[in-house]
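In the two complexes that follow, subunit A is the common piece, with subunit B as its partner first and subunit C second.
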Partner chain A sequence: MASSIPTTREAVIIGGNRIPFSRAGKKYVRTSNQDMFTAALEGLVARFGLQGELLGEVVGGAVLKNSRNFNLIRESVLGSSLAPATPAYDLQQACGTGLEAAIAVTNKIKLGQIESAVAGGTDTISDAPIAVGDNLRRALLQASHARSTGDRIKALLPVLGHPKWLAPETPDTGEPRTGLSMGEHQALTTAKWGISREAQDEIALKSHQNLHRAWEEGFFDDLVTPFRGLSRDDNVRGDTSAEKLAKLKPVFGKSLTGDDGAPLPATMTAGNSTPLTDGASAVLFSSRDWAEERDLPVLAKFVDAETAGVDFVHGHEGLLMAPAAAVPRLLTRNGLTLEDIDFFEIHEAFASTVLTTLAAWEDEDYCRDELGLPGAFGKVDRSRLNVNGSSLAAGHPFAATGGRIVATAAKLVHAKAAETGSPARALISVCAAGGLGVTALVESA
Partner chain B sequence: MTDSYTRFANGGFKPLVKKLGLPQPAILRRYKAGSPLTVGPVLVVSDDASAADGDAVAKVLAGWDLDVRRSADLAEGEKLGAVVLVLSGATHPEDVSAAVLTVGGTLRKLAGNGRVVAVSRAPEDGDAPALAATRAGVEGLVRSLGKELRGGSTANGVQLTDGAAVDSVSAVATLRFFLSAKSAYVDGQILPVGPSDASGQIDWDQPLAGKVAVVTGAARGIGAAIARTMARDGAKVVVVDVPPAGEALSAVANSVNGVALQLDVTADDAADKILAAAKPLGGLDILVHNAGITRDKLLANMKADRWDSVIAVNLASQLRINERLLEAGVEGLRIVSLASTSGIAGNKGQTNYGYSKAGVIGHTAATAPLVAAAGGTANAVAPGFIETEMTARIPFATRSVARMLPSLAQGGEPVDIAEAICFLASDPAAGVNGRTLRVCGQHLVGK
Partner chain C sequence: MTAVISADEVTNAPEEGAPSSYTVTDLAEVPTLGGLYARGAAASVVKRPRAGVVLPAVAYRVADVDTADAAARLAAYQDVVGEPSSDVLPAGFLHVLAFPLATAVMVRKDFPLGLLGMVHLRNVARVLFPVRLGDRLEIRAWAENARAHRRGVRVDVVAEARVNGALAYRAVSTYLAKGYAVSGDAGPGTDGGVSRRRDAERPSWTPPLPTARWSLGRSVGPEYGAVSGDRNPIHLSALGAKAFGFPRAIAHGMYTAARALAEVGPARRGDAYEWTAEFHKPVLLPGSVDVAVRYASDAGADVAAGPAGGFVYDGWRTGRTTRHFTGTVTPL
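Coming up: the complex of A and B.
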């Protein structure tokens, strides 16, 4: 450990629970974020016998929220079997929400402010908010502030003249500052790094095969609790193949051109991009003492974390490239290199996100010029990458992904350490909208 | 829930049902914390040779604040809650007639949901023929009387073995179970009870206080009822079911302040997972092998997967888990396995299920001495027709007939199975080992 990290006590991971992730518009159509997060919490409570337990804190969030979800996590706690006195708050950092929640609670545990906590997240596309346009919204607000019926009618009159104002605004995953969707942003990065269609499809294929195998092996028996009749992630396809993936038509980057003005091949398909998904996850953290007092299993330590941001607005860097900057800082601070990592859990927003990140770390110029490193950061051993699948197969309910990965990583390092007798480490990397990257280091306990 | 015919037969149509000679199932009285042990005074009757044992039993009953009578004379209109017939000292069949006929004279004064419990000794190797006949005869008496009683009343027998005293802990606990509303659906059964080391103050309201119990197949039905009843009796519970049943399982766990373990009991490492899950709660004390499946087919049409999966879940998993737990040397382990009346009387279309459930009865008897070495017991409970989601899928006519067959003329509730299991798993029942207790409302056929 580098001496620059102040000495604090450990925050450990006891275990996790999530509901199966489901493709948008399928099993969880009539299910809210609060329903899903409460279910994830209830499964966690049942797994570890936490009924009536007063936890230090429950932290999580959702990226897409209805206005009634203003106190989503607290409301979920109140609807759970945890002690109602357990405090909670919402947090939001786009797709980094779940992992950032883990960082927030583990820091409090490390500082001795709390003994135990749950971090997680939830997201639903199926129950996403639909807003009214600004013109209608202003008219409605003005009417609600009006003191007389006359004023109220006056406020609402303009709506009659503008029927178009009644059209709802559906949620948009586009970047507010560029207007580009995440896929189009990533298509730029993919093209910049010259990532091939085949390489992306291979990542997608591995993700499905690995996740399917993990399900078959029972890896998720103590990580997932069925919900609403769904007992497995419904996006995973164990029978997909390179041929099937190769048949899919590109959906992003269809009008890109090279420096010479010639069109570039579009490589990103629905197969190598994550589908919109519903789901929720929760992870139980504590001090070592708290776990030992209750004789609860300790899977891993949540060692350290690092976040980064990049300037994608002016086109200097790719939207989803921030983890490339965060990870070297994280590992260097902990005296580690990529070779010291046993499991790389790199969130697959798109197959090419993983590949451009790996390519960046292998690129000497990039590492020197952009990351300020003396040379290339290093090469990731592909056999250690997302060994039990990732978001391409599981799906990606934005805020729920962090919890999925943390619990999986903790179980992986625990099993590996038990098998080899020496410590095992996992690196977690999650890219997020707004040019953000959230990364963390987990080590067997 | 009481079935619709029982509700009908106890509603405004009760006189009509009686006049037409239709079955008259009673609303069975079930255990509620704080309610009296019996529905009225308890009469203790003994033959001359059992007078001292009769006194000892009466003394125990008086200690439970029961209104204990030694004479069959009742006030005008008074009803008895229970009759205990003590024949433990009888040595010749001709000795028992006075006591038995005295009991007969009281039956019209037995209240609804009343109890008749015989206390006798089991025939043993070396018994003289007359003694053996005296002892064996009690079983025929109890089973026949069970079929005669009305109004939800039952007849059962405590059968002392190996010189156990009538007021020894396990004999007393078994007598109490039969007298109580906890045995509502147990009828016509003889339970052999041996001596036990169990001692100390018995908390009859929380007989499982401080125990850690693991219940398999606990997401719904009988398993969920077992978990809830175990928790009611003071145990900390780990509920186990296959991963796809996890949603219901976690709801059960949270309702009993327990722990949910998503596990296929046929997995090789099931026993180790069970031990690990019980450890944080204080370590395994009680294991209830409840997980079971049916894959009915006539044997002529039986495919290998249907036969094999039933054997794997209902029988082989129990054997594998027990073996591993014995290896691990769990002290004082109390095992209760679910058998079935199908394993006793047989059932058309259930050769696989019947084999597995008869097998459970077999391995329970064989496991008993093995666990006894470490202070444990292994017993089984054989349910008859129980009202569950599973039996609700049986066609209406078949289901209705199945309900009418037992002496109690109705199906049992999951809680009836749970009560029997909690009794067998409790410390005071330590003298009951290797036995299969039927909870079947006295099913028409089978021993």
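Coming up: the complex of A and C.
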């Protein structure tokens, strides 16, 4: 099968490393994106003995960047113990950044352009850029373009008359074209699909329980390097319960009206939405030969990937629904169905993002009309979903999430294949701002 | 009910030009709004609500308006309403260019309705081909079709713009003058008139799911006032608004409609399009407005979509069912 995919050599996943994810404003205050990505990278270098190694490429990015971070990943490489000749570049695709970086480097490996690479990402809310407003910015730019002191003063004079121009602008999670925050957008999708509060809280509870169990079992011992006095993700709550989650007040979707004119119940809380988080991750990929020459472990193959976009601006589709379109294309191209997948790693931007995606695949009309499929795409076996927790528990430093998931998925399929003796597959699905979705297929090597 | 403009509202008027009985009066240039407002305000004191409203059979014309002069203003307009930078003039900007001429008609001594207190009910604009920065326009404006309304008299103020003699833009702005009556009508408050509706008969309205949220600050009134020239005090400050019975300053209706037009965007409305707006409760500033700018095909069967498809938009107060405006953008 899979005749539409040209034959290339394999790109394999050797392993990953991240720093513990930390809730915004806590452990990683005064820590920059470059600090964090360098730490994640150095941990990876240490784990696999890459000191002085010339890698084919390091690719990653951050969603929220300070303007001085124009060459963030290259600067991080220069501050690492990799060979300074290792090239690097920045990439940004909102929350899809980390996974898209993995797609970019594995494609180069598959084509034989490079032998080895690191892909990852970093994001910080605690050290986020703060910008000046457009009016002040224009005045400052005009002043900087002025040729005489008089012109410079003239350009800056309006600022004196408008003290409000001095108010700083902080980044938010609002969509530029709609002014709605990501949570408000997802609340619309939640309402359209009629996802209940209980179902969302159940996803959140599972995420915390699974991530906590995975930490306790030592699953992350070779995936995470302590940083700034933190040795575990500080958002995970192993002791949370359905009762505790049920007590939280809704934060999104509080002003929606149903078809009957009655207010729709708000179901999305701080408990079933991801918290703002700081963190960084990095994953090491290579050709099989490169790994074997260095006697490095090969956990999995990075088989294929698919991205999608949806038309959300005028409400035709939900902002975070693009993975629902990408995954059927990805699996069909590879001759697979949902039943062939052992592990579903569906990024929990919100619990309801996972649930609306699953509901879409089960909906015959939706799959036919919107996805062009002959019928419903299928049902996801919930016991295979985010088995070691996901973003609700771990947190979600935007560009770092892809690397977290790829490393987790690679380790999961490796262990499963070792246990059963047959190949194991993981499907990775990440939704992103701008109506984007990035998905990938990982298989035991 | 999501349908916006009933057919009888727009098809009564001829498709081009003023009624044949009108005389055309040439003006050397488009007048400035400030002076017109002063005249309009003064005349409003004299003009008293009465029956037997007769409109002046006069169309004003400015033969040669150089749009190249409006480059900076166009950029500012695009900035304020969210249009992308482009040398093509959005319909809302053509409205702004023609607005002083239309106002000049309304402040004539023989225009029977007082300018102050006139309420903009609806606007139907058509762009027939793109007008570009640098095009020289012939602009005409007149008032026609005075007719009964439940609370007074409705009148259509029509504005047209031509490039090299070809009609590029035509807009019908319908205003309500409260307390007046047309001749042959028994007057406001009676049951005469074909298009009267009582509030009780208005179908109840349920907001759709929003597609956007506008957080409108106090500055929206002065900013649109600056780019449109419409510096009516009700838009500029709470004090100015209070003088006319509003608790706070209110957003220009045309600002909200222009912003909805911008959210459809040039790529989807095409070169030629119809843009309608119907104004309900005013938007108080500052305020949060939930907006749905939807494909007509997604908005339900009760919305008439053009053959090329189109958009329907609604705006309401966030978290309430207070409807502010509704309209359509339809490629022609």
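What we mean here is this: the second predicted complex is superposed on the first by the 444 of 445 C-alpha atoms of A that agree within 3 Å, B and C clash if a C-alpha of one lies under 4 Å from a C-alpha of the other, contacts with A are read in each partner's own complex, and residues count from 1 in each chain.
By definition in this document, contacts are C-beta pairs under 8 Å (C-beta built on N, C-alpha and C of every residue); 3 or more make two chains touch, one makes a residue touch a chain.
Since the structure is predicted, the reported quantities are computational estimates derived from the model, not experimental observations.
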*Based on the superposition on subunit A, does the combination of subunit B and subunit C result in a clash or a fit?*
fit
*When the two structures are overlaid on chain A, which partner does A:184 contact: first (subunit B), second (subunit C), both, or neither?*
second
*May I ask you to decide whether A:313 touches subunit B, subunit C, both, or neither, giving the answer as first, second, both or neither?*
second
*Look at A:294 in the shared chain and tell me whether it touches subunit B only, subunit C only, both, or neither; answer first, second, both or neither.*
first
_Quick one: is A:227 in contact with subunit B, with subunit C, with both, or with neither? Answer first, second, both or neither._
first
*Based on the superposed arrangement, let me know which partner A:255 touches: subunit B (first), subunit C (second), both, or neither?*
second
*From the overlay on chain A, compute the angle at subunit A's CA centre subtended by subunit B and subunit C, rounding to the nearest 10 degrees.*
150
*Mind working out whether A:379 is in touch with subunit B, subunit C, both or neither, as first, second, both or neither?*
neither
*asked:* I want to verify the contact counts: of subunit B and subunit C, which reaches more residues of subunit A?
replied: B
*In Å, how small is the closest CA gap from subunit B to subunit C once the two complexes are overlaid?*
45
_Interface residues of subunit A shared between complexes with subunit B and subunit C_ = none
*Would you mind writing out the residues of subunit A in touch with subunit C in their complex?*
177-180, 184, 188, 191-192, 254-261, 313-316
*asked:* List the residues on subunit C that touch subunit A in their complex, please.
replied: 204, 206-215, 263-264, 290, 292-295, 298, 311, 318-319, 321
*In the complex, subunit A residues that touch subunit B*: 39, 42-43, 45-49, 51-52, 81, 218, 220-222, 224-229, 231, 294-297
*Going by the contact rule at the top, pick out the subunit B residues touching subunit A in the complex.*
236, 243-247, 249-251, 253-254, 257-264, 267, 276, 279-281
